[in-house]
Amino acid sequence: MTLAIKARLKRSDFELDVDIELPLNGVTSLFGRSGCGKTTLLRIMAGLEKVRDAEVRFGNQIWQHGRHFVPLHQRQIGIVFQEHSLLPHLSVRGNLLYGYKRTPESLRRLHLGEVTDMLGITGLLDRPTDRLSGGQRQRVSVGRALLASPQLLLLDEPLSALDTQNKREIMPFLSRLTAESGVPIVMVTHSPDEVERLADRVVFMEDGRITSHESLQKTLTRPDSPLFADEGAVCVLEGSVQPGPNDGLTRFGNEHIQFLIQTGLAPQGKPMRLRIHSNDVAIARYPVEEVSVMNQLPVTIEQIVAFRPGRVLVAGKLRDGQTLTAEITEHSCRKLGLENGQHVHALIKSVALLE
Amino acid sequence: MTLAIKARLKRSDFELDVDIELPLNGVTSLFGRSGCGKTTLLRIMAGLEKVRDAEVRFGNQIWQHGRHFVPLHQRQIGIVFQEHSLLPHLSVRGNLLYGYKRTPESLRRLHLGEVTDMLGITGLLDRPTDRLSGGQRQRVSVGRALLASPQLLLLDEPLSALDTQNKREIMPFLSRLTAESGVPIVMVTHSPDEVERLADRVVFMEDGRITSHESLQKTLTRPDSPLFADEGAVCVLEGSVQPGPNDGLTRFGNEHIQFLIQTGLAPQGKPMRLRIHSNDVAIARYPVEEVSVMNQLPVTIEQIVAFRPGRVLVAGKLRDGQTLTAEITEHSCRKLGLENGQHVHALIKSVALLE
Amino acid sequence: DKFTIAAASDLRFALDDILEVYRHDHPEHEIAVVYGSSGKMTTQIMNGAPYDLFFSADISFPQRLKAEGFTATDPAIYAIGRIVIWSNTLDASELTLGELPTEPHIRRIAIAQPSHAPYGLRAQEALRATGAWEAVQPKLVFGENIAHTAQMVESGAADVGIIALSLAKFPDMARHPHHLIDEKLHNPLTQGYIVTKRGDNKPPVADFAHYMETDAAHQIMERYGFVMPE
Amino acid sequence: MLELSPADWQAIEVTLRLCFYTTLILLIIATPIAWWLSSGQSAARVAVQAIVALPLVLPPTVLGFYMLIVLGPRGVIGGTLESFGLHHLAFTFEGILIASVLYSMPFAVQPLAEAFGNLGRRPVEVASSLGAGLIDRFITVILPLTKGGFVVAATLTFAHTLGEFGVILMLGGSIPGETRVLSVLIYDHAEAMNYESAHRLSLMLLIFAFFTLFVVYSLTRRFKVAKI
Amino acid sequence: MLELSPADWQAIEVTLRLCFYTTLILLIIATPIAWWLSSGQSAARVAVQAIVALPLVLPPTVLGFYMLIVLGPRGVIGGTLESFGLHHLAFTFEGILIASVLYSMPFAVQPLAEAFGNLGRRPVEVASSLGAGLIDRFITVILPLTKGGFVVAATLTFAHTLGEFGVILMLGGSIPGETRVLSVLIYDHAEAMNYESAHRLSLMLLIFAFFTLFVVYSLTRRFKVAKI
């Protein structure tokens, strides 16, 4: 089951040409520079951008093909528009319930209270929409789309006006939503952090074209991923929380590799992902003693690639076969005499457990 | 010379009460959760929010005091509103030049070409504003405010819809602008990254009140700074680029401390700041050999404070008296037997040079 | 039984008085009257207006209706009208047609629209006959019908007017004197009426038409200055 | 002072009936026309807009005159009706109602088209994405957001009809209980130098109108949709 | 077919002059009134709004009748003028101009107030922050953004004046070249069964009106401000 879009659209200075199939589960992140066509692509999915000869298919529903066209209100799509889009004649409650009321009771997955609590807007329910702050408005938009219990969520930079704390509350909610109810989410964002935390796959756009479409895993380890034009490479390791020591620490990993992480981050046994910035990984020829770095894992160097000027990315295979990458300076690489096949130790200063 | 604001405002569910003086130079960041009153405070500065008995003073100009009130168009304030605010009847060029044309020639500091090039909107000049993407619109708003060559810039999340690359081009421009022409900037943002890169001081707001107002330096090293609810502590060291080795590396620091950083990041001799995430700093009892960590500096432990659950922040004094902080687990701290006054080595995996 | 009378505006007060008496005698009849210029009434009848009886200010209009087949009876003369100079502010009895162009107190002279109001046409003829027509042009204002014309003068907005004698004799207006214009100066205002096709075979209509020829009706008409036909 | 004669009351009743039906019919007709006009830029739309606006520039007497010719016994419509054994429409309430609808058309269409044009596409897109179909969207989003336009359209139409004189004089005559509306009646009173009746009726109209308008405007202001 | 008599041309000239001045004067008067009305919610505003709208509900004959009384030699205004040795205003072009301005007031004020009310505060705030003062803002921001409202106000006013009949019949006196406007002239032609003249004049008016409207609407559409 996929969401398939095939469309061409010409504007004065801009041409969009896409042909893509997205799996109907999890979160697909649309990533690309301002003006590259992300919003336009979402609008085509929604049927809001009139494009002749476009084809849009959602699972086995044909949304657009030739003269056949299913209007938006029959597509059951929840949209958070990029810009302020509250209905000005309705209160916050009126906006939130607009789609909810139009959803058959049996299809309603979420209810007012839980959504407003999650978004921190319970106190605003009776406000007219022009008496909200920018971030409050954005949260109401998100809540409104969620409460319509759609079969697809299109989110166009839905968290751009929110503070970190709000984002941290909303992102896990979205993850859980798509995991539990299987509603696929297509989300535009400029924040690599949001991609890492939420996305299952990433679609990269450039100048109206899709340049790549890959799993988050792949993106995170690819050294030239556009996601990290800024942040540097990241790798993601899979495992689960293991019964571990005490002392505020827990073991994470599998029978072959073990990380020490903080206790209480995740329930035991559940498969989880650990995100490690390659920048946070150092390489030592020998185990290092008397140092505050807790996680030292033996790895076998598989590949050394030049990364940014003056830096290399060292990919090492862990004992369980997963790959860990370290970003170090060329200088260090040379000084340590690193080469493929060498057995070294990866020193991992910090890890983040992804929800 | 300061920008002084004293105001009280009551709304149904919200009360603002501020009394603050901001130096008239550099970038002041307004930081606080959604709905805490940031936009409202900017609007009071601009004279857009009618508040009785408020006092607003800009240097020796009295903008509001008792019945005296200088209307916005005489205050010479450039504003980037939080939400889309292009004049819909004008083209991009018309918007950009609206304030420019109304600025006496002698006061014009910036001109169309340089601003549009910097913002990457030169190709859009003849577009009507409804044919722009979200990020393009935001860039036009920023350009428009800059081109009015105001004596004060109020920016309300001006970069929220922009991709990392765009931000990276605009932020140094703003820094340079305020440094060179002395225009103070007050900027609302939810991004700690933007604060770190741009701000000279940070005003923290909570529920309509100003909870603290301090220099960036102070904020960055304060372990409980609201800036790092998410990111963890960071410290900033001052120094300049020194004549150094070759091999793609440069020395940074002063006569007492030396870091190896990548070459080409900054011109030699200019005072700069190095940002170090405490999370990227490890502590070792003894110098570590054969490891890819290039920067190892001796520090004397000054203070160890509990930080987040299971973690401590170790503050160490460098040889030149600046403070470096390391965030490590309690477990490691105990294992290494760290205590005040101890001489240890800080292993610094990565540093970022701040423009 | 219901029927509707269309009547020229010079009949406004006279016909109202007659109807008051008639209604008293025939309470079973529901009678509506519509006043207007004779030309307008004629146009309306030609276009289907629901009038049963038409009392024109000039017999030429009923004749035209007859010719075009809108009538059930031949046009019959029911009165001869007269025109007068009347004013609300000046002593009109002292005025003559010839003085109108030159009298300095007279800035506006009201007459009815000659093209469709017979009283206006007669006023025009009389002014022509005295040779004052050209000179009086700048002072003329036109009423939609003769009653409207009288109202313009009565309100003081026009200084004098050439109106129907029947209107000048209305008690409210009779407080001011009038100057009767010599009937030789214009064609006679031979007022004729017809029963329309619609009013055909309606006994009350015929009954009222007959009533107009009774002495009772004639007395009222004469009170308003109409001359009864032989 | 405010004792009106039965004839006055009859005229008031006819007038209000005429205004009410005209406004009702026009809002129903004008809404789709205005929507179509405001939803594109084609030359056809401009032409239709100009045609719809024509009654604006025609003096009511012209309109009334031609309506008389068309609706009367010898006219295209009136004649056809007569040939089917029905009554033609000149000098009938239905006749002046049709004329009123034509006459006030631009006063309903123009404010509505302007309101629809200012609406922007976003509210409709939002409502669609939340599952609202065409009619649902119209009632729950477009209508409330263009309410100001509807109030202007309705008051102008009602008022323009109330003030209709030339058309009715031509087409309606002054048949009591059928086509004698207030404007004609007051004219008649004035002409009959029946000033007292004219004053009484006018004063009553004025007071009634002021209070009605005051209430209408208070209500519409109260529910005004705020814009940023 | 389109050969008009000098009297016809004269009526056309008077009509256009009346419409032009009425529209011009009204746009100037109505703009500040509409702005004030749309910039607040007080009861005073509602009352003024209702008063401004009163001419809407007064039949033109009533308005004309009272204007005749007020502007005539014995009226408050006419009488005052006379006492200063000036001419009263009944049966003059100035008189019908004043009446027209009053008569069409709501048709200018209402669309403008609606347009101003829909503007929102943001464009004005933006323009202020860019250094534009009150008048500058009005000309460079408010006017272009409410252009639709001005077009509606101007066309409705022009048209409503063109269609004025009752007021002018009462107050104007049908003086050629002074107060005999088209609507009155065509009425006269029709009542005199002078059908050919009536047709000619109406047809010409219709064609002229259609083309004017077509051009006006084409232009205003071309420059339409797009909303999202």
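Each chain gets a letter, A, B, C, D and E, in the order it is written, and its residues are counted from 1.
By definition in this document, contacts are C-beta pairs under 8 Å (C-beta built on N, C-alpha and C of every residue); 3 or more make two chains touch, one makes a residue touch a chain.
These numbers were taken from a predicted model, which means no experiment stands behind them.
Touch-path distance (fewest steps) from chain A to chain B is 1. When the partners of chain A are compared with those of chain E, the chains appearing in both lists are B, D. Counting steps between touching chains, the shortest path from chain A to chain D takes 1. Taking each chain's centre as the mean of its C-alpha atoms, the one that lies farthest from the centre of chain D is B.
A count of contacting C-beta pairs for C-D and for C-E identifies C-E as the more extensively joined pair.
Computed from the mean C-alpha positions, the centre of chain A lies at a distance of 92 Å from the centre of chain C.
Chain D and chain E, compared by their mean Cα positions, are separated by 18 Å.
Remark: chain C and chain E have CA centroids separated by 36 Å (rounded to whole angstrom). Distance between chain B and chain E, defined via averaged C-alpha coordinates, is recorded as 57 Å. In chain C, the positions touching at least two other chains are 148. With touch defined as above, residues shared between interfaces to two or more other chains in chain E number as follows: 122, 169, 187, 190, 227-228. Multi-chain contact residues of chain B (touching two or more other chains) are listed as 83. Contact between chains, per the stated criterion, is found for A-B, A-D, B-E, C-D, C-E, D-E. Across the complex, chain D meets chain A through its residues 122-123, 125-133, 136-137, 140-141, 144-145, 147, 225-228. Those residues of chain E lying in contact with chain D across their complex are 41, 43, 45-47, 49-51, 53-54, 56-62, 65-66, 106-107, 110-111, 114-115, 117-122, 148-149, 152, 155-156, 158-160, 162-166, 169-170, 181-184, 186-187, 190, 198, 201-202, 205-206, 209-210, 212-214, 217-218, 221, 224, 227-228. Note for the complex: chain A touches chain D at residues 46, 48, 71-74, 76-79, 81, 85, 87-89, 98-99, 102-103, 128, 130, 144-145, 148. Chain B meets chain A in the complex at residues 11-13, 32-35, 38-39, 82-84, 120, 123-124, 127, 131-136, 139, 156-157, 160-166, 168, 190, 192, 229-230, 247-249, 260, 262-264, 279-280, 282-286, 288, 290-294, 309-311, 326, 328-334, 336, 347, 349-350.
Those residues of chain D whose C-beta lies close enough to touch chain C in the complex are 68-69, 72-74, 78, 88, 90-91, 173-176, 188, 190-193.
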